[in-house]
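First chain written, first letter: the chains are A, B and C, and each begins at residue 1.
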């Protein structure tokens, strides 16, 4: 297979005596769409924050784009894109200003920035709306915009934290079109979600339960090994054990 | 550097778009400077007095006249007895009681001295203190008058007469705005520097946009500088606005140079912005930031010498003012505006403020963690 | 017997001027029968919460009328508040009170006691009981939801309003929650529940599809899917993205959406054959094996179909 763009070995994060992420080990290959699944509170966001340099692990090893998560977080940040659950665009800036801001932050300037900006606007059909404040546009637009801005500088990996919450089914699918297109261009997509049907869009999926990875494979193979008809069933089987333990 | 410019463009765009913020930042100083010095003044007028005149002599009448002629005192009532006069204090119709005993004139002429009683309502301590001191100076003046009439020079008391005239140095007319305006300017700058910058950063924390910045290669120093510069510029604009109002509305011209004032103000803003940033690194939401900022601001203002002199504070409080950046600024403002101090004269204060700036800003940068 | 009657309800979003106003709810009309579970399906911003607020007397509509259990939502709001159980969108119980304390609070607020209606919530409560001294804020998502449901039922309401009760809750708890709703139905409680999850729509007796303040369709899930009106194909291959792009480019394709492990496609010509599809794909160079099946449409397919019109 291709290079490994994310590698983790016994990665752990504890908060006091609570272990949020418990010795997880996995690899993600270049160009994959990797789904990181789990119930709320299973540890997905914590794990993702460690990989994107927002949080220091308590123990274990990990590297992203070849850089160590303990000592080289700033280098990691140059090579990744990130979209948080809140989308994190500046609501009091226009669509265009947000693009120019984040493009500039990642070192895009001059003609290159202009070209990428126009391409983005064209792709999302927002050319006529570029002067609108982000606070005034519908949720679906914000979502697509946040994603497009996250990959504007063509990072090696883009991290998406529950990016499709709350939008209608058509918008959700249009969003996954964008993810497909990004992966086709060679950008590795690391996405967390609790929509099980979205798990099917991924090349491989891992399922986190109580801070541990309980399953890691392609959706098809997972369904076979768990004798399940859908990813939802696979998840139910794995999560059922946890719910009994958790409370 | 390019990233800094990009961030600055964002900050200015956001600030200029925030109508409410702009309103507060520019109207607030104007209103404060126009209303406060005129309204919150120590000059007492219309002190209402109740007189118990048991003598009804020409001297007692003269004394009362002197009070009312001064312009500060207003005769509320003549009371028959001290108890009656006390009632008027209790129902708040008078602030001061003057009791002139029986045989006042006779005692004065015969024994060359007499006593009168002045009682001031001290529920408002400041008012009582000032009323009493006005009364005392009016009486001193009265004494001067009667001395010249009662004591012929050389006959009874050959001691040389020393008359004392006094004037208030640097603010001869005790023009209250001259005294207050520099202090108010300092408070305004502190509010903009301390509050606004702190709230700005914390609101990014609340909205989640700070996380988006943390995940980019932007260095934290760059980010912090991008927050300092816009508010620093706003602070300087407000300072200029304040000085213009002082000049054209209150006719307060600095005896020293504007240059000295500006250099100090610039250093002060950076120091206070550092404080604001530091507060924001310790706050998770705007409510917390506001309370912490308020806490500091109120203590700083009360202990700055703006309203009450530092020298009359107890020792421990005086020591605390050394840690208060506001006290240095208030001092320098008054020194430069009223006394005409040069930059060299206030060099110590300037260096102290620079020290504050370095410490606070460094602390803020160190405390701000992109990775938690 | 209709427990809830909604007639032409309008609600405007607040705006600076009357001209700029947008409609949060655009002339909604529907009814809910006694004892049924009615689902209001729609994404964020559709207007579900606004509608619930109006029906539970927390918000005044700008137009139209509604009655709950025979009482008008405006004139008889006090009566409605006594007989309605409401579970709002976000967790609305007191985080720093224990399970017990929350239940007692709500019972007292409705002038009843926990013991009086314990039999109604018994099934749910036994799951909470081991945690009754734990603070509500420290419960897991699924437990919080069960507690909120108990508090909504504590005064034996005749109608239950549940606003997105399963959002943010793990799939196992979601399933259990719906089982609880079914057993409550047996006790005669009418339930109206809103959810963005299409799969939960099938668990309701009747559903209303809400998008941008308008009802796209109201019916039983079976009828809605029956009214889809055209054949639906599911396609699958190893390389799903190129397949998607090709099918979108096909001039015979009407709609083409990803649906997890299959793409759902409708065609312009309802009589199209599998062979036609295969020969097209061969023609554009897509040579890997493609699985093509005709399937029955689900609620989500219907929803998207209605959205497109």
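As a convention for this text, a contact is a pair of C-beta atoms (placed from the backbone, for glycine too) under 8 Å apart; a residue touches a chain by one contact, two chains touch by 3 or more.
Just so it is clear, the structure is predicted and the values come from calculations on it, not from any experiment.
Q: Taking each chain's centre as the average of its Cα atoms, which chain lies closest to the overall Cα centroid?
A: Smallest offset from the overall C-alpha mean is found for A.
Q: Looking at CA centres, what chain is most distant from chain C?
A: Greatest centre separation from chain C goes to chain B.
Q: Using mean CA coordinates as chain centres, what's the chain B-chain C distance in Å?
A: 62
Q: Taking the mean of the C-alpha atoms as each chain's centre, how many Å separate chain A from chain B?
A: 55
Q: Averaged over CA atoms, how far is the centre of chain A from the centre of chain C? Could you give it in whole Å?
A: 27
Q: What residues on chain C touch chain A, complex-wise?
A: 42-46, 130-131, 139-143, 168-173, 175, 196, 198-199, 211, 240-241, 244, 257-261, 300, 303-304, 307-308
Q: Note which residues of chain B are touching chain A in the complex, please.
A: It is residues 2-3, 5-7, 9-10, 13-14, 17-18, 207-209, 211-219, 370-372 of chain B that touch chain A.
Q: Quick one: in the complex, what on chain A touches chain B?
A: Interface residues on chain A, with respect to chain B: 52-56, 73-74, 77-78, 80, 82, 84, 86, 88-93, 97, 100-102, 104-107, 109.
Q: Please output the residues of chain A touching chain C within their complex, sorted ascending.
A: 39-41, 138-139, 165-171, 173, 176-177, 180-181, 183-184, 194, 196-201, 219-220, 230-232, 235-236, 239-240, 243, 246-247
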